[in-house]
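One structure follows; several queries about it will come next.
Chains: A, B, C and D, in written order; residue numbering restarts at 1 for each.
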Amino acid sequence: MSNVNKVVLAYSGGLDTSVIVRWLQDTYDCEVVTFTADIGQGEEVEPARAKAEALGVREIYIDDLKEEFVRDFVFPMFRANTIYEGEYLLGTSIARPLIAKRLVEIANETGADAISHGATGKGNDQIRFELGAYALKPGIQVIAPWREWDLNSRESLMAYCAERDIPVDFSNASKKSPYSMDANLLHISYEGGVLEDPWCPPEESMWRWSVSPEEAPELGHELTLTFERGDVVAIDGEAMSPATVLAYLNQVGGAHGVGRLDIVENRYVGMKSRGCYETPGGTILLRAHRAIESITLDREVAHLKDELMPRYAKLIYNGYWWAPERLMLQTAIDESQSVVNGDVRVRLYKGNVTVTGRRSADTLFDDAIATFEDDAGKYDQADAEGFIKLNALRLRIAAERGRSALGD
Amino acid sequence: MSNVNKVVLAYSGGLDTSVIVRWLQDTYDCEVVTFTADIGQGEEVEPARAKAEALGVREIYIDDLKEEFVRDFVFPMFRANTIYEGEYLLGTSIARPLIAKRLVEIANETGADAISHGATGKGNDQIRFELGAYALKPGIQVIAPWREWDLNSRESLMAYCAERDIPVDFSNASKKSPYSMDANLLHISYEGGVLEDPWCPPEESMWRWSVSPEEAPELGHELTLTFERGDVVAIDGEAMSPATVLAYLNQVGGAHGVGRLDIVENRYVGMKSRGCYETPGGTILLRAHRAIESITLDREVAHLKDELMPRYAKLIYNGYWWAPERLMLQTAIDESQSVVNGDVRVRLYKGNVTVTGRRSADTLFDDAIATFEDDAGKYDQADAEGFIKLNALRLRIAAERGRSALGD
Amino acid sequence: MSNVNKVVLAYSGGLDTSVIVRWLQDTYDCEVVTFTADIGQGEEVEPARAKAEALGVREIYIDDLKEEFVRDFVFPMFRANTIYEGEYLLGTSIARPLIAKRLVEIANETGADAISHGATGKGNDQIRFELGAYALKPGIQVIAPWREWDLNSRESLMAYCAERDIPVDFSNASKKSPYSMDANLLHISYEGGVLEDPWCPPEESMWRWSVSPEEAPELGHELTLTFERGDVVAIDGEAMSPATVLAYLNQVGGAHGVGRLDIVENRYVGMKSRGCYETPGGTILLRAHRAIESITLDREVAHLKDELMPRYAKLIYNGYWWAPERLMLQTAIDESQSVVNGDVRVRLYKGNVTVTGRRSADTLFDDAIATFEDDAGKYDQADAEGFIKLNALRLRIAAERGRSALGD
Amino acid sequence: MSNVNKVVLAYSGGLDTSVIVRWLQDTYDCEVVTFTADIGQGEEVEPARAKAEALGVREIYIDDLKEEFVRDFVFPMFRANTIYEGEYLLGTSIARPLIAKRLVEIANETGADAISHGATGKGNDQIRFELGAYALKPGIQVIAPWREWDLNSRESLMAYCAERDIPVDFSNASKKSPYSMDANLLHISYEGGVLEDPWCPPEESMWRWSVSPEEAPELGHELTLTFERGDVVAIDGEAMSPATVLAYLNQVGGAHGVGRLDIVENRYVGMKSRGCYETPGGTILLRAHRAIESITLDREVAHLKDELMPRYAKLIYNGYWWAPERLMLQTAIDESQSVVNGDVRVRLYKGNVTVTGRRSADTLFDDAIATFEDDAGKYDQADAEGFIKLNALRLRIAAERGRSALGD
């Protein structure tokens, strides 16, 4: 057991992390600092204060990080049209580096020599927390109780609470969802329970943030998103802060059945796992961002971004937000966004997000060239012959040497 | 004017290519061979015979290529989860190399020294036809009338017909759609007209293959696709040929409002253009293929495929189907698909394609490991610590040298 | 013939471009502005003034661009360890965008409406000049005489001169090298003549900048390069400007037989061509830059750079220096170089460049960890087990499902 | 301590692995099977038999794997022009998967339930052995004594031998090189000792396989390598087996001072380490393979290979030879090599490998097109204008919108 004097714990106020507070105190004989963040998970964070106090915690941090979360993490990620494995919008992944950063900052402020978290030893989150912490404060110690203790079931946790007089609302705890959930302003996720069979669809009752497309209103909803440098800065003409943008899109998207996802994904630790996600606002953002890029980005810049994206997504998924290669990619991505300005009109209807218009002062769409009508000499069709001939030259030379697929 | 004796023309039987037949005869004083293919565009091809005969054509080829099209072009492309610029399923692009191949084969059979097509000098299709032709028969000549003649409007084409007694159904020609369209078993596309303004949504009347989500039935439809080596071989337990699979998915997808797309894309010739597409079956195929891969493919193979995909998509979009780098990539993609076997259940509802289950004898999903419950020792959570520590080592060393983002 | 009033010509003062001056005057009835740059080709540029005056040119630009060339083009390129097709250091390619930029600047200053150059229609240089010009001044006209005129041999050029009283030093012209050459501070290149047979080695007499390894001194030479942000700023402790660095390395490298290259490369126009190159200083720079990066760059940043490099090299080779995707990549590359500081010691001996030491205040090499001796607990070997186990997990799961290569 | 009945040990016959035999017997109370391979390390393997017998080993495997090593591992790797971090030819990395495979095969034959090796917990080799073993036999146990025991110095090992009467030739052991070395037919490597300071050059006495360039003969040596499908099958017209090719090139290359390398590399475990390598034959192979590819490979295939190579190299370096993503890449690489046939002439002189000719029946080099002389109409220079114009179109449109770097 390494020597720990003070540890900063990412504390939700729930059963698990309440047990961790006491377990850290008992096991390491150390002081525990709790840190509870509002990143838009939709639950009050202030109640965590009284719970922490009841556990004897003297240094309690409760932060509203919603704006920082969207401005410095979610928005930069969406500039890359980031999707993991073709489907997942990285809602959980992108929140972890912010938590890691705050844990380290609080450790620096309070003189703590360790941090702790409630993530298990099978998942990605332990990696995201710890890679972040090590990258930001290399000498920090990390305590991951789920990898150390033998409290491997809900029952043993509750027994531990009873034994140690840990004040937990058992009525609340016992009626807990059968799913393991995680929420922030970008998404809510579900794992476990019946989802452990990939052939089994999720129960309708599982979903919390969105109605099903079937239950969504018959009347669709149209909205216009205004982008500046790749980020949404206004909706329907009204300027909004980053967190307000995302909260608004979640609300309206969820109401129209937008953003449900049910996938099997590959975890960094080497296993496949089933996850269901609700990302209403993010789903709208992604479609709209691609649409504004479609008229403002140079073709080759867009293609380069598309080729780099899977790698960038993997870095975020695997917990390398604070790694230099992510920063290097971000620099390139951000550089591309200075021209990504303008409006996108989208229509929401029963789960569908349909782009119905895009316009920009920075558009590269030149209808005078693209037109099927007379282009007044802006494009010389004869150029195409030389273009094709030289692009074909290597193929023709090879075919002359007998490499044609038809063997001519 | 180069010396051409006989030219094989990709002939639709419509106004434009009928004019081309006569224009080739007149301009090159050569014999014209017409080739008309049924690739699932949904129009009769047999009437092209009489039209060609009326134009004095003696060698007339009319082929049903639907099975070859889906088996050898569409399905291989979908093995890569191919999407161009994040949205476009390449419906037009993938049909062109097949046409190019048949034009060359017919040139070989008939002793023709040239091929011709009705694509304009501004688009991608001229490139796809011609790169294919040059790669398969390097000495072939290509005649692209739209790059040569001065018949630059519908009116001048009709005047040309009148002048030369070309038998065109003017009543039909004059009520032509305001859009430039292209159709095959994978999709139908629309360009031009009001679409030349990217801020202007398409008219509902434009769409031909699908109902709008609003008009789709209240009752969804569930179906199970069976994959073998990455291709769908049965639907709801019924074995089907490739073309039958795609036709069936188009029909049921279109009926449920699935597969409409409205984008601005980057053409190979350097301009941006607006296109609308209906790809009902392809949209279902893509989602289902990703789902079956999600449980059967190794993680790193899947990620490698994701990183190569944009490049592979670009090759197809730009017309390099018959180029050796496409074949090299295809070899790798196909190699990955031997394990992509199993069933995917999807639900169609008002434009939505929702995956509700996937199962496979080749699954790598191991619920005994992934479970939140007791895994009976199949996974040692303690391993995660060493995994994280060594993955963090380079970050920690760098941070110790002062490279932490927090400057600690 | 388009309407041109004034054209800026990249003028060397040699036979070809002297003919072009007169040909432009005659053919386009326009004023010609000459631009002659010293980019370290090793020939006097001032004599071009009298030659231009003799041809009736009134606006004559003669610029020393050596520092700008190395600082803004060569050095940024070397930050990426750029090599085309595994061998070529891009000596010609990297000079063209600078010439294109000056041509456009001079066109702006003189009110010219066109530029012209002496590159042929088969090579890469026409593309590099013209893509640069179009990217920097989209309305510019480009006149490429070699693609237009019928003066296709040396003899016809000389006849043209004689006919028009163009003052050419025929004695000099007639003893011209059998090779087509291009030189600047980074390299000198040779094409044509006996090199057109790839089985035929170059004659020893061809090489101009270096002795052969056989003729190099018996005694090697050691030197220490000091890097700041990826660029060499001093040699053997003496601060030097970029151009001085490169000139010095060329001199000492060439004296020791360093930097000869003989390859077949793939041109952008689709053909393969044989080229021989002397790049003494660049060869040293590349090895030394990799060496300083080896101790200062993060592993994943280095690997990302290595994966992006071939694409970056291709962009430069193909003439896309001024394209936005090159700028996007450059931003990422430059961002990585802030830590690339320190010294590299290299030894030159008869064609060999051997790195014999590297050190840096920004080193990430930690001998206390890497040591085979006792590391005082800085690295816990037990961590490796978990690291390997989790990296192996996906492989083990797959093998359990029968995917082992041994079929166990 | 897990329950192990029989373990197969990669046994060199040296001090370390002899200690491991006894330590395994004592610690696990298990039977030890030794496996000693001749992979061209240049030492007799047969003496290992007596040593193993003296240690009480009853099942002793001694295999000559030289041909399999070169044919199935080295040659496939060289088809990709594989280099790790721009310099390292992966000599150690490529031997490990073969050893892993044989360990597993012997475990299967002998009914062993574990394998063991003598690699330390800081290096890459443990990973390469173990990832291979797990991928080939998922239920295998791995015992890595260096990660378990406390015999952390040479002295403690020798004390262990003395204590247990392990028959070691102490006179030999004590005069051991100060470097940690590894050798096989591809290379010999050196780590540790004075090399732990990256500023310190290696001592001349360290090198074993090559003379220094200074000591190499004054007279160079020319040889012709014949390739079939990317592999060398003959030298100077004499057909040779793969291992013979490599042995011959090592001998002649080493005699001419070819193939020394001194680098700092990034290990998979996260640290940087200094290594020196002698790879005479591999250095020649790489240059020659690139040369034969330069005339036989399509440009875009070559570029695709170049872009994939760093990733492929990283997979081999990190130990993923037996992983499906390596196999997928190999399929693509091998597919590209069917045309890589022909001769390459190289000249060796005092450390230099100079390509002086390449020829092939599959050449794509077309001197009739590339020539500076009259090409008899095989290439129409006028095509270049259209080629450039359309490649420039996106740049011109952007510049017209004010995106020129000069601000036009």
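Following the convention adopted for this analysis, a residue touches a chain if its C-beta (ideal position, glycine included) is under 8 Å from a C-beta of that chain, and two chains touch if they have at least 3 such contacts.
Note that the structure is predicted; figures quoted are calculated from it, not measured.
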| item | value |
| --- | --- |
| Given chain B and chain D, the chains that contact each of them | A, C |
| Same or different residue numbers at the chain B/chain C copy interface, by half rule | same |
| Rounded Å distance between chain C and chain D, as computed from the means of their C-alpha atoms | 31 |
| Separation of chain A from chain D, taking each centre as the mean of its C-alpha atoms, in whole Å | 40 |
| Residues of chain B touching at least two other chains | 266, 269-271, 298-300, 303, 311, 323-324, 327, 363-364, 366, 369, 379, 382-385, 387, 390-394, 397-398, 403 |
| Chain D to chain C touching residues, read off their complex | 81, 85-87, 101, 104-105, 108, 120-122, 126-127, 130-131, 134-139, 144, 146-147, 152-153, 180, 191-192, 196-201, 213-214, 220, 260, 262-266, 269-274, 290-291, 294-295, 299, 302-303, 306-307, 310-311, 314, 322-324, 345, 349-352, 354-359, 363-367, 369-372, 374-375, 379, 381-385, 387-388, 391-392, 395-400, 403-406, 408 |
| Residues of chain C defined as touching chain B within the complex | 298-300, 339, 362-364, 366, 369, 379-380, 382-387, 389-391, 393-394, 397-398, 401, 403 |
| Interface residues, chain C side, partner chain A - complex | 266, 269-271, 298, 300-301, 303-304, 311, 320, 323-325, 327-329, 331-332, 335-336, 390-394, 397 |
